[in-house]
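I have a structure I would like to understand better, so I am pasting it below and will then ask my questions one at a time.
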Amino acid sequence: MITIKIGGSRGINMDYVCDDAAELHKAGQKIILVHGAGNEANELGEKVGYPAKHVTSPQGFSWRYTDRQTLEIYTMAAVGKINTFLVEALQKRGVNALGLSGVSGRVMEGTRKDAVRIIEGGKQRILRDDYTGRVEKVNAELLRALLDMNYLPVIAPLAISYQGDAMNVDGDRAAAIIAGAVGAEKLIILTNVVGLMKNFPDESSLITHIDKRQVEASIDFAEGRMKKKVLGASEALKLGVPQVVFADGRVEHPIQNALAAKGTVIE
Amino acid sequence: MITIKIGGSRGINMDYVCDDAAELHKAGQKIILVHGAGNEANELGEKVGYPAKHVTSPQGFSWRYTDRQTLEIYTMAAVGKINTFLVEALQKRGVNALGLSGVSGRVMEGTRKDAVRIIEGGKQRILRDDYTGRVEKVNAELLRALLDMNYLPVIAPLAISYQGDAMNVDGDRAAAIIAGAVGAEKLIILTNVVGLMKNFPDESSLITHIDKRQVEASIDFAEGRMKKKVLGASEALKLGVPQVVFADGRVEHPIQNALAAKGTVIE
Amino acid sequence: MIAQLSAKITAECPECAGALALNGNTLKGEIVTCSDCGAELEITGINPLTLDLAPQEEEDWGE
Amino acid sequence: MIAQLSAKITAECPECAGALALNGNTLKGEIVTCSDCGAELEITGINPLTLDLAPQEEEDWGE
C-alpha cells in the first residue's frame, strides 16, 4: 500500500498523476491520495474579495491565517473543487475513487491551535480564531475498510479538532501521519521540482539518496515550501514508513518514476 | 433506517435538524442525510461574478443550467461548504458523520442530459454542455457498509454519469432513489413550510394524509419547488419506500415531528 | 454570447431536402421546424451553418 | 481591523503588579514583556484593557 501526496502548487500535471494512479490501481496497487489546496484557495479568496492572509511564527514558519471566513473559502477550494474533480478524473479512468475530507469519519483528528503566536510589523501577537491545527490521529480502520472494498481514497487537507472544529492542516504532514497510521510501504511526495537539490534550482545537483538518520539535516537544502515536505518526510520515517520519495509531478508516469527511485529517496 | 432530505432553501434551522439527528442516531436510529445546495450556489455565483442561470423546459420545469464553470461553483457550494460544515456540526454533537458527494464511490450514478431542450425568448433551443442529470443507480452496498460501521452518511446533490462526468442532480429525487435503494422505512423531506397545503400559504389547509395512489394528483397543491418534492415522493413510493413525510424544518425536533406524523404523510 | 446568424438565409432540410428559410437572428442550438416535412431540426453550427434532426429527449428534472 | 489602544496608558502587570507602560498603538492580542518581572503578557482585551500571561505554545506547521 502506498500513500501519495500531490502538491497544491502550480506545475503538477494532474492528468499524468491520474493516468499513473489508474494504471497502478488496476494492477492491484493499493493507493491513498492526499492533496493540497494552496493555490486554489488563494485564487478563490481573491475572487470573492477575501484574499488569503499568511502569517509567520517567530520561528520563521508561515501559514495561512484561517479565520472562519477563510476556512469556508479553503474548504470550498480543497473539498469542493480539487477533491471532487480529482475523484471525477479518476472515475473517468475507471477507478472507483472516493473523496473525503479529514472531518468526515474523523479521518484526521488533532489539536487546533486555539492560541497561535505570530510576528507582524515587528510585533508579536496571539491569534485566537485561527482554524489551523496538527493532525495527530488517523482513522486507519475506515481507510483500510475502503481499501479492502477496492476504493481509492482521496483525502483533502482538512481535519477535525478534538472539540469538533474543522481545521486547515498541512497536507504534507497529513500525508505523513496517514502513511504511518495505515502502515504504507512508501510515502511518495509529488512536487513541481525534480526532488531535493543541493543548489536549488540547479537540477544536476539533485540529491538522489538520503539516509533517514540525516533527514533532519537535509532541511537546509529545502527552499520555502520544501521545508514542510522534509518535515513531513521525517515524521513519516519516525512513524515507521520504510521509504519516502520526493519525485517530479510535472512529467509522465510520476508515481512509477518514484517507485523506480527517480527523485530523492530517503530510507 | 430512514433517509432525510434537508432542503437548500432559506428558513430551515440546521441546528434543530442536527440536534434531532444526533439524538436519534445516539438512540440507535440509522440515518442517511441528503441535502440541497440551491441558495448557497446562487450566492457563490454572484460573489465570483458568474451568477447562476436558470433555464426552463418546454414542459415548464426549470433548473440550473450547469455549464462547466457553474458546475465548479455548484460543487464548491454543495460539497465544499454545505456538506463539510453539516458534517462538522454533527461531529460537534458526537455523531461520526461522513460526507460524500455522489461522485465518490459512484454513490449516485445516472444519465447526463447531453442534449437538453429549453425555451427562451419564445425560441426552443438545445443545450449540449449542461452537466445536469438524473440519478438512476445508487451504491447501496457502500452506504450499508458505512451504516454498519456506525457512520452517518451525509450526501451532497452531485452524481456521476456513466461516462464519468460529475453532474448536478435534483436533491429531492436523489433522496428518493437513495431511500429506495437502501430500503429505507421512511423518506422524510424537511422544507421551510408545514407540509403540503390545499391553499398555500394558509397553514390551516395542511393536508395531513395522502394515499400513495393519489400522490401524483397532489402535485396540483404543490407550489414551485414543492412540485419536485412531490415527484420525489412519488418516485420513492414506487421504489417501495413505505412512507414519505413532508415536515417543517424550521421548528425544533423536525425529524421526531415527522416520525410522529406531524406534516403531510403519504403512504 | 450564443453564436447566431448574421443575415437571412435559406438552407436545405436534412430530412426532405426542402427549402428552409432562416431569419437573421437564428441562434446556435435553436430548434426550427421544416415547413415542408414538419421535421424538428437543430441548428448544430453557425459558421458554417449545419442542421440535424433535433433529439427527442425525455422530461428532465435536473436541479 | 484589529482593535488597538487609542492613547498611551500605564497598566498593572498581572504577575508582579509592576507598572507597565503601553504605547498608543498597542494591538489586541499583542505580546508585551513586563520590564519589572520579564513575564510575557498578552493583551487579551482593549475596551476595557485586560492582560494575561501569554500562552507558551509549541511550534506550529499548520498550512
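A, B, C and D are the chain letters, set down in written order, and residue numbers restart from 1 in every chain.
Assume a residue touches a chain if its C-beta (ideal position, glycine included) is under 8 Å from a C-beta of that chain, and two chains touch if they have at least 3 such contacts.
These figures come from a predicted structure and were not determined experimentally.
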Compared with subunit B, which chain's mean CA position is the farthest off?
D
Take the average of all CA coordinates in subunit A, do the same for subunit C, and state the distance between these two points in whole angstrom.
50
In whole angstrom, what separates the CA-based centres of subunit C and subunit D?
73
Subunit A-subunit D separation of Cα centroids, rounded to whole Å
36
Identify every two-chain combination in which the chains touch.
A-B, A-D, B-C
Inside the complex, what are the residues of subunit D that reach subunit A?
27, 29-31, 42, 54-55, 57, 59-63
Subunit A contacts subunit D in the complex at 36, 38, 57, 59, 61, 63-64, 66, 113, 115-117, 123-128, 130, 132-134, 157, 167-173, 228, 231
Which residues of subunit B touch subunit A once you look at their complex with the stated criterion?
44, 47-49, 72, 75-81, 83-85, 87-88, 91-93, 96-101, 103-106, 142, 145, 149, 151, 158, 160, 163-166
